[in-house]
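Consider the two complexes below, in which chain A is the common component and chain B and chain C are the respective partners.
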Partner chain A sequence: MKKIFISSTGVRSGQSLAVWCVGEMLRSQGLRVGFFKPFVTRPVSHNGRIIDKDALLMKEYFDLPEELSILCPVVPEEVPGDEVAREEQLMRIEECYEKVQKEKDALIIMGSEKIFYEPDSPYLPDGVLVNRFNAPVLLVDKFQNENMSMYSVLAIDSFLKDKVKFVFVNQIPLESVDAAYNKLVPFFQKRGTPMIFLVPQDRILTSLTVRNIVDIIQGEVLTGENRLENLVESTSISSSHLKGSLHLFRRIYNKIILLGLETDALNTPLISSKVTGILLTGGRRPAPIIVNTCGDLGIPLAVTPFDTFVTMEKIQKQQTHITYKDVYKLKRFVQLLGGDEAIQKIVTQLDEIYKF
Partner chain B sequence: MTKKILVVDDDELVLIALEALLSPSGYEVTTANNGDDALEKLNKKKFDLMILDILMPGMNGFELCEKIRTLDEYKAVPIIMLTAKSGSEDKKKGMEMGANLFLPKPIAPQHLIDLIKKSLE
Partner chain C sequence: MSWIFKINHLSDVEKEGLYRILIPPSIFHRFHIHPILFLNEKRERLVRFYCPPKDNATLIEIKQDLIDQDSIFFVQVSDTNDRTQIRLDFIIVNDPHSERFNTDVDTLGKDTLFGRANRNITEEIRALQAGLAPGQVKHGLRLTGDFLQCLEHFCRILGIKSILLDGLFYHNAIIYEKYGFSYFEGFKMMRRINELFQPGSILCEKLDGSTPFRQIGFHKTIRGRSWAIHDGILRDVDDELIEGGWSSPKMYKMVDKTRQICSFSDASF
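Let's look at the complex of A and B:
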């Protein structure tokens, strides 16, 4: 069985998307893919129990038969445990690991959000788990600058004794892509390892859908049910985007316009914005003519009980965690990584590692 | 004036990593891959801070730290021990040998930069 440990240099690095992406890559090769995440790091209450959002995503998407409490067994205490507690955690982790690896061709092990040492971390360090599972590592690094990325990769590779085989340097601002490419790629190519992939910042990966927003603001959808997957790039309370028959909305004050980007035939975002949805705030239901106009145009229209300020605040605060419905993000991430060529490189390298 | 840092580690990866991190932050970084090499470099140039590994062939980091503290011009210069050995006994020993900070590897880049800046104040 092939194993890969996916770790991260910090929070919000795109680790969940990387895990999903690698799982899909391996599945596309006809492998039976399993998932294991020792510690709950993204907790959510589910039927009265604390479960992990990543485990839920992987279970749903890959249709995994194991219980969530097996896929992600340990809910850490807020305070780090003593030696005995840690030994107990490790025993539980190993017991569940034995179960999840059964009848699998490939197993993705997901680390906690930070591989760097933290004095009061409630999790067993990823370094300990990597050695315990003896797995090659894919490191996800949220780009800050080339030097930080270089330090992170080398310091961790040295600490893990050359176990880091792949690196995704993620969320590189467009203006830094060239510098990152010129510094990082030749350096690691010369060394031969790890295999490095640069992923630029992307608006599709960071945007929400109209459905995400409707859920956040407890909205009631009045029209455009079939377009709730429209991407929302930004929001506006200005009426300047309301053209043609949407002009009617200029007279409504309690509204928020959801804006997306026009895309061309290649699905590349163009510069101009388009209205992808309209929210009416304060709980007031609109006149039939308003509903009919949106309905005719196929634009999602939703009413929220919150006022405009609270609604905006809720949207801005929201940093959604990906769910199995966000397949478009998975596809986009694979595309940014390098598409089929990247898949082939990773799969071939994993085959090489497990050849002997 | 540019602060000078000496990094001592037998792992070339760590030396490259720390140089890549610290040089752009405005420090002049010199590297040494063992204790003898480090002592030689200390005699040639005055450093403002040192980062030492513990596990090195020949003279280990504890011994090197002890020797550095016998040199008059280095009695008060900050020494950071950066090590994969994180046990409390090692930390105690490091402090006894004259280290100012004892940090477990791998340490987050920004955290290390902040600690270096603070040590040099």
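Let's look at the complex of A and C:
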């Protein structure tokens, strides 16, 4: 069985998407893919239990038979951080690991949110787990600058004794892509390892969907249910975005306009933002003409009980996590990573590692 | 880059400091709100700003109590394509101590869009009798002049040359005229309305008491004419310039340059 441990240099690096992406790559090769994440780091309450959002995503998408409490067994907050507890945690992790690897050709093990050791972290350091599972590592690094990425990768690889085999340098601002490519790729090519992939910052990956926003603001959809997967890059209260029959909305002051890409335009991401949804704030029901106008134009319209200020605060503060419905993000990530060529490189390299 | 968009990228303290200029100072005094901290005597923050980076509009709202349905002061301004202009999208001022008339929602609680989509006739009659103009849900605080001075001052600081707005109702357009606004579009319509409201002319004749909003004598006042127009009186007249009824005129004011436009001379409110 092939194993790969996916870790991250920091929070919000795109680790979850990388895990999903590698899983999909391996499955596309006909492998039976399993998933294991020792610690709940993205908790959510589910039927009265704390579960992990990544485990839920992988279970739903890959149709994994194991219980969520097996796929991601340890809730750090539930146990004290002493030595005895740590031992118990390790025993529980190993017990579950034995179960999830059964009848699998490839197992993805997902680390915590950051691989660097932190004394007050409730999780066992990823380094300990990597050694315990003796797995090659894929590191996801949120780009800050070339030197920082280089330093992070080399430091972690040295600490893990050359176990880092792949690196995804993610969210590279467009203005830094050339510099990153010219510096990082030759450096690691010359060194021979790890294999490096650069992923530029992307409007599709950073967008929410209208559905995400409706969930966040406890909205009620009045029309446009079939367009809730439209992307939202930004919001505005300005009526200047409202052309044609949407001009009617200029008479409404309790509105927030959602701007982004329509679902049909995901393959042409260079086009400019348009109105992909409209929120009416303050709970007031709109006139039928408003609902009909949006319905005719295929623009989702939702009403939220919160006023404009609270609604915006909720949208800005809320960090949504990818779910199995966000397949467009998975596809986009694979595409940005290099598509089939990248898949082949990663699969071949994994084959090489497990040849003997 | 336009000004509101640019200001919205500043820190909260900086942008709130600038947008504070748009609030008439008398509001702070009258409602016991600290003009710097925006706190009332109970240390509740009653002034809220919506001005996130990337948006080209800003919204300021003041309530007497955060749970109140209506604001005391609500203003929204936005950029236009020309960085020497600013658009006044909305200005709403309500006296929190006055009675509320639900003219903004119909009997099912749905938005009337200021009468464009639907009307709540019962509430409108009550509002009319209480001395309100169309579109108002409460009495105002007579702050339009003060606010426009604040807005001009804001423009002056930034080098903005003109203020654009739509005169939503007839009375709004006349009031903006009095404060020195002129017309991009709609002046001919306004002038024609005035002509047709003269005694003996068709609009004046149609003020026959057939509805509560078309009372005899309404042609003499801004508010009376506005109610009659809101009631659709213009659609009952076959005239080239007012064909299709009321259409909000597009108005502008050059900062520090007052125009003397008057489409209703000797008008009283």
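Convention: the second predicted complex is superposed on the first by the 345 of 356 C-alpha atoms of A that agree within 3 Å, B and C clash if a C-alpha of one lies under 4 Å from a C-alpha of the other, contacts with A are read in each partner's own complex, and residues count from 1 in each chain.
The criterion applied here is as follows: a contact is a pair of C-beta atoms (placed from the backbone, for glycine too) under 8 Å apart; a residue touches a chain by one contact, two chains touch by 3 or more.
None of the values given here were measured: they were computed from a predicted structure.
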item: Touched partner set for A:I216, first chain B, second chain C, both or neither; value: neither
item: First, second, both or neither for A:S238, with chain B first and chain C second; value: second
item: Partner chain in contact with A:R284 - chain B first, chain C second, else both or neither; value: second
item: First (chain B), second (chain C), both or neither touched by A:L90; value: neither
item: Touching partner for A:V177 - first (chain B), second (chain C), both, neither; value: neither
item: Touching partner for A:M312 - first (chain B), second (chain C), both, neither; value: second
item: Touching partner for A:I252 - first (chain B), second (chain C), both, neither; value: second
item: Residue numbers on chain C that touch chain A, as the complex places them; value: 48, 50, 52, 54-57, 59, 61, 74, 76, 78-80, 87, 89-90, 92, 105-106, 108-114, 116-118, 166, 168
item: Residues of chain A that touch chain C when the two form their complex; value: 234-240, 248, 250-253, 284-290, 308-309, 312, 316
item: Chain A to chain B touching residues, read off their complex; value: 9-10, 114-118, 127, 144-145, 147-148, 150-159
item: Partner chain A, residues of chain B touching it in the complex; value: 11, 13-14, 16-18, 20-21, 23-24, 84, 86, 103-111
